[in-house]
Each structure stands twice: as structure tokens, then as C-alpha cells.
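Here it is: the structure, laid out below.
Chain lettering (A, B and C) follows the sequence in which the chains are written, and residue indices restart at 1 in each chain.
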């Protein structure tokens, strides 16, 4: 247990510092609220409409699909580095992996997930 | 011993499964052939009755049975389930084991008779006839199976098979509050039977016998094996005598059976079920189903737990007393004809309990005989109510009066049934009640004396009922009530004859029961390990 | 290393078949766009997987460095899961709800296969990481399937609730796993057991880890108090998926829980009588299980009494059944486990049967309300009788199979002298009778209010009905093969 005490102290100090600073400026700082100051900041302009807008679902689709296939590369790198050591077995295995992903890729293509209009 | 086979299958199997055959035939009939359905059902139950007659003729009198394999007659034994043992779980062996002795034979006869009469008295059922008779026949198999089983597992299966048909027979064809009555019956009985199931399992793991074929030790559901104290494995939960768990197990079994009897305070389903059930089902309910409770006590609870049976003997006699007096008092307060008879059943079953609790031969014979007699007499009473209800569409006792002249034949039969029920000498009810009280008097003096109050009360409400229905002035609206018809006579007359004959000459029945009753009493007394205490 | 991986491929051939089936289903869907074809591919794939599974009968070995255990126990549960999946695919073919032209059925079948794959992996997992991953594969597929009829608001609600509860409980479970890893330094349950046996662990930490991991399992088998998602999801999801969740998903959860408990927390050096086990000191989980079991069956049964939607009623009934089966785990012995195994096969037939009838009725009437069942006895006699038999079997009355299931559970309890728990279980089955009866009371005792026209069902529907009905009856009267198979299948790799 004893070995954890420094970690605990560190956590306590970090949390304490944050709390102290936040309360200090609340207590000490001068407050002169005006309408301008309280309004939402938007690059120095007055905000014209609500910030809670709907985005087209397509953005999300592309984002999700990007992440999905991006991960593929993470697996490809270690395989490429050890390509010789893994030999045929590694090659076949990676091909299977890619084929599975390709099936998914083909699926989203056919379903039109990447069509923008 | 007795070998009676038809097409290579024993007579008890036939008598049990004949109704199922009937059910299959009925289900295969086209939907609109109502009268064919009725006649088919009647034919199958008649055949069953014939087989019962064969059993009656060939049953070896004077062979006690009870706990001895050799004493069981018409027995059949076949392996049903046999699961080889594994290193951590013993062999599972369930037999199809049936056989009858002096305790069960009267019940087998009664079941066949009542089923036949129930079919006869169901003639005027018009609503989904096919379903009705199919269920009735299935119920018949369940009842018969209970009385012939000697394997506890088999017994339990038959015991539960009856529930569903009964639920539907009350629930679909019953009176206005049929749904309530049906579910109440179902839940009460299931409550009792799950407790029984746990006891069965506890017994199963406590009893082990040596398999004659392999010499291997194995657990068994065989009731006769459970009756032998030597078969209980030392250290098992129900081993020993007068242990806590043996008492708990006995009480569990007792509650299971007491709900069927029904013993106060488990009786509240009975009036509801009786009032709502159609006539034929009331007849079966009172005639056969109630007997299963007391039969179970005699066949199973007493010989397997003789120690606990003796230990709880006094409470048993006391609930018998409560049943007798409470049932009679309730009956007296009823304005509904059917409810009155339902409560009279509670009272009469109390006599059976009291006779059993006497734990001597007279009391036991009295109880067994009372079971049979009550079956026939109450069946008559319910048929009689059914006759009047079919005509007047009311069962209110105060609605009637002066029927004596309007329906003379009906009145004559009713008087016989009522006098039999109140125990008039010369009719069968007297013999059995006399035996029961005589036996009980030797064991429990004061309880018995107090119980005789019930006889007085019974006489009072029976006679009062007769007076209310038959004497006085005939109300205007019943001026053209027709008398009893031929079909109803056919159902009632045989029962009446049985009641009369057994009243003056009871020995055909007593001969069957005597030695078994004697053996049962001796066995329980000797197996109890207690010097008969609590006297 | 590579040789080992290659040779271990043999052990996951059923799973490989499922993976290929899943891909094939997706491709078949996009190429041909014919629903029946996709279903056919899936059915063929499940069948192939089943055949490959049969070859593993009798094998007992670890695979992929103790990631998976291939043993009679996992073969048994994988069998149950595959058979259930096949029935669910058959159900789906005649479900009106699923065959709505606005829905993309291709994904539906592919997801069923993916879920099946996750569940079969759950049955074999012997590494905490593998357990977690297969659990998540199952859960993710089932979230989508629960919300599959996306136009129905209830379905969307079901899916969302399912996701939230699932995320919470898998989070708890993951936390428990990490504590256990911290305590023992391993994720392999055999190694964890070894460490716990030889070195022991902080009691409190072990208790917390155990309870947290149980939360994850409890969620999967819908044990009280982790059951809150069950009624809403079962009610909102399409009937086919409800049936699938209530049987296969529960089977997978149970198999994982049983393996985890038996391998991790049982003293492997205990030398008592064969078939009995001893807990390792430090974590007496039986007490927790007893409480869970009593709560689960009692609450499930009592709440079911008030339900008006038959699907919701059956949801609560399935909670109660999980409670019954938990009783078998409390016994700490092979007979208790065997009882659970027996119960599962029986439960599969009777519960799928009940849900199939619910589906057929809602196909014709569009409703799952209990009042829809009024007068059904005369409109659809065969269906109603079948439903009555399934319900009686669920109650546990002879001569139906449900009785045998209960019999073995109670027998295990009584043999272990846990009489009071057995009494609680028995009384619970009396309570359950009341609400099961409500359904067939409506079918037979009540007159219908609406149409009285007879309902006609396709021949294929009747055949499926009989496929479920016959085992429900036959296993009640002749159960020798089932019991022998279950007793054989209790054996797990690496433990006594």
C-alpha cells in the first residue's frame, strides 16, 4: 500500500490546486457584467442564429467509415515490418483480413453510404 | 399371482388407458357428430366398468398387500426410464409399476362407476361436445392412474395430469363464476402437489435398493421400497425415525393430500368448484377426486412415515372433528342446494379422517368404506341437484317447496340418497360411519364424542332440506315441472341399488378391504418406533 | 507459434463457418436482393456450423493458448445456440413484422449470424478478454436487432435502453476484470485460479471484482437487479429477436457464468467425492447467487402477474426462469450443472414455442395484447392447444418436458440438502401458474370480442409448431437421452 502514497499525494495536490485556483478567482476577481460580455462569443461578431444546428448525417457516415478503415492501417504496419518473419502464413492471414474488410467496403458502396447526394 | 392379460397387456393398463384411447377416438370424430361423440365416450367408460367388474370378481380376498410386493394383485412392472449412473450421480430408474390391493381396489371400482355415470349425466352438454368428452376421458385416465400406481413418480404424473382437464371442465362448462372457481382449484391443488414433489425427491435420495439384475445400489421411486425402513440410507435426509425432516416431509405430503380431501383450513376451493362445475364434474369431484387425498394418506403418507403418522395422530383426529362439525354447520347455513352438498362433503370426509386417525382395524375399514360410500352417495346427491337445476334453472332452496306431489319418482330417489347421507341404518352410509366412529371412540374418546355432534347436525340439515324442497306448498311457477326422465334414472338407480345393498349386506366390499386395513394398521403401529403415545 | 495457431484452427471450424456465412449473407444480399436466398444461405451456414460442431463431440482441449476451451460443455451450449438460431431464422421467414418491404432483411440475417458467432465464442471463452470481446460482439449485434423494426417507436426505445444498460454493465464488468487482473496478474481464468489458490488475494478486492463481473453476467442472463432492460427490450424488439434473446443469449450468458465460476473460484485440489466441489477461500459466491436466484424468480413471477402484453409477460417469465436456473448453480456440484443443462434444452423448445405462437397471432391480428387471445381456442384450435401445452410446460407440470427440467433442478437442490431454496422455487412455480393460466383462460374460457373467423396458418408454420411441440411432449415422458447427454456435457476442460 505504502508505494501508492506518492501517487495519491500527487492526485490530491493536482485536484487541490485546481479547486483553489477556481475558487480564488471567483472570490477575488472583479465582476462587471454587461450584455456584451455575457453574449456568446463568435469570432468577435454578434451571434446571428442558434449554435445548435443539425449537420447532415453524411458527415457522420463518412467519419465513422473513415475511422473503421483507418484502423486497418494500424494492423498493416506491424505486419509489413515483420513481413519476412511471418512469411506465407502472415500473408494469407492478412489477405483474409483485407478480404473481410473489402466485403464490408463493397457493402457500403452498394448501399450508397458514400454517395453525397 | 393373478395374471390377466388382454392382447398381452395387463388389465390395469387397460383400465387406465382405455379412456385415453377413447379420447383419441373422440378427437378423431368429425366436429358436428355430437351424439356419436357421446355414445363413443359412453362405450369406452362402459368397457372400463366391465373391466372393473372383472377385477372385482377375480380380486383375491384376504391378501393384505399394503407394503408387500407379493400382496399386490394384477401387478405389472416395466422399466420406463433407466439412466446409467455416472461417477457423480447414481442410476436413475423409474418403473411403470402398477398393482392393486385392498386399499386401492374399492377406489378403482368407484372410479370406473363414477366415470360411467358422469358420461351419462353429461348428455345434455351442448357446448363444444368433442372437447368436453375428450377432457372428461383424459381426467378419467388420470384418476384411475392415481389409484393403480405403485411407483411414486408415476403416481405424481397421473396426479398432475388430472389438473388441466379439471381446470377446463370447470372453466369452460361451468356456471357464472367458473373462471374464479377453476383457477382457485388449480392453484390450490398445484400448491399441494409441488410440496409433494419435493417430498418425493427427498424420499428418492434417501431410499436405495439393490438392483436385482446388476447388484448395484440404486435410488428408487418404488413406493413399496420406501415403506421399508431398512432401505433408507444412513445419513440421508429422511433416514431414521422421528427426525425433524421426517416430520417436515410428512407435513408436506399431508398438506398436498389435505388440499384434495379437503381438510379444514384448505377446503375453501371446494364450495366454489362444486357450485360452478357442471353436474357431471361435481359428481366426479365429490365422487372420486376428494378420495384421492385420503387414499394418498393411506397408501403413501402412513406407511412411509409411520413414526410421523403416529406423532401427528391426535392433530389428525382433531382436524377430522373440525371437518365434521364445521362442514355440517356450514351446510346448515346454505341457501344454495349445491353448496349445501359441497359442505356436506367436507363433513363426511371428516368422518374418513377420524376413522383413519383411529389407527385400528375398525376405524380404518370404516374410513375406507366411507370413502366408497361417500363416493356413491354424494354422486347421487349431485345428480339430484343437477336434475332439479336442469328443470328449474335455480338451486335456491327457498325457491322450492311441495315438490313431493309434482315429482314423485324424483322424490323417492332423493329421500333414499338423503337418508343414506345422514346415516340411516339399513343404508350404506350407516355402516361406514358406525365403523369409523366405533374405531375412533377406542382411540380418541372425547374427540369422537364431540364429533358425534356432526351426526346430529347432519340429520338436521338434511331433513330441513327435504322439508324445504318437498313439503309445503308448490309455488305457482313449478306447476308443470316434469318428473325425472329415463336417462337420469339410468344414472341414479344403480347408485341407489349399491347404497341399499351395501347397507344391508356390506361384506362384498368389506371382504376386499378388511385384511389390507388390518395390515396397514399393524404396519404403521409396528413401524412407528413410538409406543403409541398421545392417548 | 504459427504451427500452434494453424493447428488450433480446427477447434474453431464452426466459428469460421459462421464468419463465412455472415460475409456470404451480406454479399448475397447486395448482389441478389432476394430475401429468401439470404435466409437460405444463413440456414445452410448454421447447419454447416452444426455439422462441424458435431465433430468436436468428445474433444476436450484448450485452443489458442487458453483463449478458448473446446470441451463437452461448450459443445452442448453451442449446440443449443445454433439450434435456436436456426429456429429463429425459420420464424423470421414467416414473420410479417420482419418481412415488411421497408426493412432491409439482408442485414437482419447477417446480424443474426454475427450474434450467433458471438454467443458460440462466449460458450467457449476461458480468458477474460475473450469473454469480454465475445460478449460485446453479441451485445452490439443484438442492440441493432432489437431496434430493427425502426419505424416502431417501441423498437427504437428498446434498442436505446438496451444500449445504455449494456454499456453500463459491460463497463462494470470491465472494471471488475481489471481489478481481478490487478490482483492476479493474469486474464486466463485457469491462471487466475492458480494464483488465487496458491497466493490468495485481498478478500475485499476479490469480492468487489467478483460482484462487478457478476453484474456483467447478470445483465446477460437478466438476473434481478440487472434485469431492467429485459421487459422493455423484449416488448419492443421484433418477436423473433425476443425469442432469440430469451433463449440463446441467456444460454450464452449462463455458459460463460458457469465456466467462470467453476474454473476461477473452485478449489482445484479438492479431493472430496466426485462431482462435488469446494469454494476457494476468500470469495463465497454461493450466497450471492442464492440471493440473486431468489430475487430473480420471485420478482419475475410476481411482476408477470400484472402484465397485459403477452410478450412482456413472457419477458418476465424468462426472468423467472433465469432465477430457477440460477438455483442449479448454487448447488456447487455436477448435478446442479447437469440440471441447468437439461433445463436449457427444454426451455429452448417450450419458450421458442410460446414466442412462435405469439408471433403467429400477431401476424394475423397485429397485436400482442392479452385480449387478442380471447376466443382464440375456437378460431385457431391447434395453435391454442399448442400454446396451452407450451405454457403448461413453462409452469412445469407433467407430462410435459418443463416438469423434467424442474424435477432435475429440485432434485439437485434436495440432494444438496438445500431444502428451503427448493421450497421457494416450488412455491414460485405455483405463482407462475397464475399468469400462464391468464393466457389460456383468454383462449378457451373467454369469448372473442372481434372477429370470429377461423385463423388459417400456412403448412410451414404448422410444421415448425410441431417441431417445437413434439420435443416438449416427448421429453416429458422419455428423457433418458437428454439426461445422458447433459450429464456427459458437464465436463469442462481442465477442471475436475
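Please note the rule applied: a residue touches a chain if its C-beta (ideal position, glycine included) is under 8 Å from a C-beta of that chain, and two chains touch if they have at least 3 such contacts.
Since the structure is predicted, the reported quantities are computational estimates derived from the model, not experimental observations.
Peer 1: By number of C-beta pairs in contact, which chain pair leads?
Peer 2: Of all chain pairs, the one joined by the most C-beta contacts is B-C.
Peer 1: Find me the chain with the mean Cα position closest to the mean of all the protein Cα atoms on display.
Peer 2: C
Peer 1: Hey, how far is the Cα centre of chain B from the one of chain C, in Å?
Peer 2: 43
Peer 1: Taking the mean of the C-alpha atoms as each chain's centre, how many Å separate chain A from chain B?
Peer 2: Here chain A and chain B have centroids separated by 77 Å.
Peer 1: At what distance in angstrom does the C-alpha mean of chain C lie from that of chain A?
Peer 2: Going by mean C-alpha positions, chain A sits 36 Å from chain C.
Peer 1: If you look only at chain C, which of its residues touch chain B in the complex?
Peer 2: 273-276, 333-335, 338, 378, 388, 392, 395, 397-399, 403, 407, 410-411, 414-415, 417, 419, 422-423, 426-427, 429-430, 433-434, 437, 441, 444-445, 478-480, 483-484, 487-488
Peer 1: Across the complex, what residues on chain C touch chain A?
Peer 2: 2, 6, 19, 23, 26-27, 30
Peer 1: Can you list the chain A residues touching chain C in their complex?
Peer 2: Checking each residue of chain A against chain C gives 86, 89, 100, 103-104, 106-107, 110-111.
Peer 1: Applying the document's contact rule, which stretches of chain B touch chain C when the two form their complex?
Peer 2: Against chain C, chain B makes touches at 81-84, 86-89, 92, 128, 156-157, 160-161, 163-164, 167-168, 171-172, 178-179, 182-183, 186-187, 190-191, 194-195, 197-198, 201-202, 204-205, 237, 245, 248.
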